[in-house]
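Two complexes are shown next, each including chain A; its partner changes from chain B in the first to chain C in the second.
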Partner chain A sequence: MEQVYVTGVGMTKFGTLDETITELAKSAALEAIRDSNALDAKFDYVLVGSQNPDEFTGVGHLSTLITDHLGLVPAGATRVETGPSAGSSAFEEAVALVKSGLAQLVLVIGVEKMSGIDRGAASKILAKMISIDSEAKLGGTPAALAALVARRYMHDYGLSRDDLSLIPVKAHKNGAKNPLAHFREEIALEKVSASKMVADPLTLYDCSPTSDGAASVIVASSKAAKTLGRTDDSVKVLAVGHATDYHAVQHRPCLTSLNATVSAAGKAFKMARLRPEDIDVCELHDAFSILELIDMEDVGLVKPGHAIDLVKQGETAIGGRIPVNTTGGLKARGHPTGATGVAQIRDVALQIRGKAPAGLQVKSPEFALTHNIGGFGNNMVVCIFGR
Partner chain B sequence: MTIDISKCKRCGRAVVPPRDICPYCGPGAGETIHLAVAGEGKVASYTVSYMPPEGFNSPLLLVLVELSEGGMVLCLGDTEDTSHVRIGGAASVYVDREGRYRYTPQASEGHRPE
Partner chain C sequence: MEQVYVTGVGMTKFGTLDETITELAKSAALEAIRDSNALDAKFDYVLVGSQNPDEFTGVGHLSTLITDHLGLVPAGATRVETGPSAGSSAFEEAVALVKSGLAQLVLVIGVEKMSGIDRGAASKILAKMISIDSEAKLGGTPAALAALVARRYMHDYGLSRDDLSLIPVKAHKNGAKNPLAHFREEIALEKVSASKMVADPLTLYDCSPTSDGAASVIVASSKAAKTLGRTDDSVKVLAVGHATDYHAVQHRPCLTSLNATVSAAGKAFKMARLRPEDIDVCELHDAFSILELIDMEDVGLVKPGHAIDLVKQGETAIGGRIPVNTTGGLKARGHPTGATGVAQIRDVALQIRGKAPAGLQVKSPEFALTHNIGGFGNNMVVCIFGR
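Moving on to the complex of A and B:
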């Protein structure tokens, strides 16, 4: 099978930004194109991952619009939507296009602009990813569902409130060193439990923000990577796994594990012919603090109930055995939903290239993993990368 | 007071609200059996939400109930008194006039829907 490469990456700052969705997408894409030496290259496709640009910004037909504004006509253009994993799903499609021989060079952009409307309206749009009949109708929100999961996890495994607070504390510690992160200040442990209660036991600091931002990567065949002169500084795509779970939380057999992750990670490790212990650095979807622990267990880094042990031992910090969310995760890097998956891929590609921001570089990582969630605990994409 | 569930003829698993196709077995298992059950069970988890969406009052008690027949269902609870809610505690489920699932602690026998 064709070896597929990531030949270049780009990303805007994440946060509450003045730029329009088109400007954000353009800015990240241009950086990735420059990074790939591809300013004059012919792109076969432009794939845009975005959760809901029509409702968040009023801008429709996004992939066609961006392709035109980047001067990449007549490349094929498609918007991919799988909720907040839209960015990873767009990347997955790019990999499939190149592997199948339908394309040599594909531009992938993940973008979301969420701050243009008020918070209530944004929450309403985000709540569309949960079950209308079984959850939204009762006033359920993604945070409330995460709280149900968190409470059961704490009950079953004896996880304490202060232990859980270690996750956002680590996220902010890393985010403080990431120049593009939404939040760049460290926080004290006490601040997490003392902050505003969102859905008991989860507080404001257990929840990732809504952000604006874009990230972009170039996906290329080996022939295209050679033509661009990017074989040395490219990152190999070793695997993509994608899986769903039952839509409503109440239909899932287990509350403390997300089976879509288990499935997607299982497929990815099989494809890469690697095991969880081979991974040197990973980006996991911590939309809520509790999810980082559950993700670690579902990906297979540690046995169920024991993720917190690794966190307490410092093994998931920079310099630990398996650094998790080195650039701040969704909590501190920010969460412009459609952009998140592509930002994760961009950040691990920089880790493999040894180009992570100062203070965040993991010592010569060989294999990296990204994990992106596309609903509440649903529609997961896991990718594995190597040198 | 009963609630409607479906059961799969192949795997026997219960689903609330009822479905024609078993989500676990797919269309190959044939149409499910629909039946009415008492709605007794126990609390699988719960939360008090302080930032519910527009149109809902804060705080909002949400209780996930595991039915005796199997299957789980998310229910609205009475936020006046949340102190009795605990994982594993007895629970009773009914459907209110607006078609929403409601949780009551099984102990308070006198409690009846409006």
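Moving on to the complex of A and C:
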């Protein structure tokens, strides 16, 4: 089977930005293209991961539009959507296209522009991820579901409010060193529990923001990577695992574990022929603080109920045994939904290349993992990368 | 490279229907699953092609929702969107997943529910396909652009109004025999030019309708096809070609040819190692009557300006040398945008299997082609199938 490489990466600042969705996408893509030495290369496909550009921005037909703006016509162009895992799913399609031989060189862009409409309208769009009949109709929101999960986790495993606060504190500590992060200030532990309540027990600092931003990676066959002169500094794609769970939380057997992560990670580790303990650095989908703990457990980094032990021991910080969300995660890097998965891949690719921002580089990581959630815990993509 | 098969197909009636988008998708999928002997099979992925379910129906997160409703959790689930070629693009991703070895068995569904909102709102959603800055802002619509193209084609090649009317007349003649078609009445030639003007010279009967409907096909590896016992009645996927053109019509060098079709068809024929004259039956994207002529020429079935000769000679009718749109095309079968590409694939698969509806079967076709347009002539997918 064809070995697939990430030959270049790019990313805009994440935050509340002036640029349009097309400008953001172009900016990230051009950086990735330059990073790949691919300014003169022929791209076979442009894959765009974006959750809902039509409703967030009024702009439709995004994949064609971006391909045209980038001067990449007549490349095939496709938008891929799986909720907030759209970026990873676009990456997955790129990997499949190259691995199948249908393509040699593919540009992947994840992008979302969420700040152009008012907060209420944005919340309504985001609420479409959850079940209309079983959740949204009854007033459910993603934050409310996360709160339910957090309460149950606290009950089952004795997690305290201050324990949970360690997650956003670490996120902001890393984000402060990431020049592209949405939030670049460290926060004190007390600030988390003292901040505005969103859905008891989750406060403002337990929740990732809505952001604008784009990220991009180039996916290439070994032949294309060689042609670009990028074999030395390229990152190997070792696996992509993708799995769903029941749409509504109430239909799942357990609140404190997300089966789709277990399935997707299981597929990915099998494909990569690796075990969770082989992973040296990872980006996990911490849309809400509680999810970082659950993700660690479901990916297999630690036994259920014990993720917080690793956090307390500093093992998930830079310099620890398994650094998690080294660039701030969704909480501090920001969460332009469709961009997040591609940003995660970009960030671990930089880690493997030894090019992470100052103060965030993990020592010589050999294997890295990304984990991206679509919907509320029901459409997961796990990717594994190596040198 | 792994040979990929279509092992089963399904389709709902197209038209103005009572069913929800989820019900339509389920219904088509279950028929395809049964047709594949796959009721007990494990699907690796569910790929959903849909242009804009969020705005047409208010339903989001469609791929997860449908996968859950079909009982196919934990299959990976992805929605793919390229405007009205979304169905073909979803099929393309399925082919890539199977060809790459990332999947053995994939369910593809194309679906759109367009009748639930008023006509003005639907038009606004569809207008997002065209360029905001260069076309929509100035009052442009897809029909207006098609009218521009038709006028130029008439000027360049001397096509008459009555010549053009032969296309919808043929579409309705075939649609009348297709039990699932949106329109099942034959129409007289005079009716086309006498019907309501939409965008001069195009009348109501030159334009495909907005429809509700779903179609589904199962994409399988040879191993999976064998396990299902479907090797005898399966259809081989010989090629998928995908290409874009400049978003705005005014940026293209020519009005009477669509470069993206030329590119996509060129890629597909190269991959299939076939020539246009090898094709025995095809489904071409006739969203507007003029496009059927242009599609025939761009795919390479006939020289520019001469498509109408084949039509007049009856060569594109059932029994002719190269039957086009045997089941009524977008005009009469209907055009639930995201479903159209999958319906085309379903229809040519039935042709190859000798199972087309009574009166529509082409004699022993060996090779078939589908051609699906996204946007106004800028995101094309061409697929080639064989026995």
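Everything below uses one rule, namely that the second predicted complex is superposed on the first by the 387 of 387 C-alpha atoms of A that agree within 3 Å, B and C clash if a C-alpha of one lies under 4 Å from a C-alpha of the other, contacts with A are read in each partner's own complex, and residues count from 1 in each chain.
Quick note on the criterion: a residue touches a chain if its C-beta (ideal position, glycine included) is under 8 Å from a C-beta of that chain, and two chains touch if they have at least 3 such contacts.
What you are looking at is a predicted structure, and each value in this text was computed from that prediction instead of being measured.
Applying the stated contact rule after C-alpha superposition, one finds that A:Pro179 touches neither chain B nor chain C. Residue contacts after overlaying the shared chain place A:Leu102 against chain C, while chain B stays out of touching range.
When both complexes are overlaid on chain A, the residue A:Gly120 reaches chain B alone and has no touch with chain C.
Once the two structures are superposed, chain B and chain C can be ranked by residues of chain A touched, with C on top.
Judged by the touch definition given at the top, the superposed model places A:Asn52 against chain C, while chain B stays out of reach.
Judged by the touch definition given at the top, the superposed model places A:Tyr246 against both chain B and chain C. Contact with chain C, but none with chain B, is seen for A:Ser63 once the two complexes are overlaid on the shared chain.
Overlap of the chain B and chain C interfaces on chain A: residues 246, 251. Interface residues of chain B, counted against chain A in their complex, comprise 15-17, 23, 44-56, 60, 62, 64, 71-76, 87, 99-101.
The part of chain C that touches chain A in the complex is made up of residues 1-2, 45-46, 52, 54-55, 58-61, 63-65, 67-68, 72-83, 89, 92-93, 95-102, 125, 128-132, 240-247, 251, 259-260, 263-264, 374-375, 378-379, 381.
Note for the complex: chain A touches chain B at residues 120, 123-124, 127, 133-141, 143-144, 147-149, 151-152, 155, 196-202, 246, 248-251, 255.
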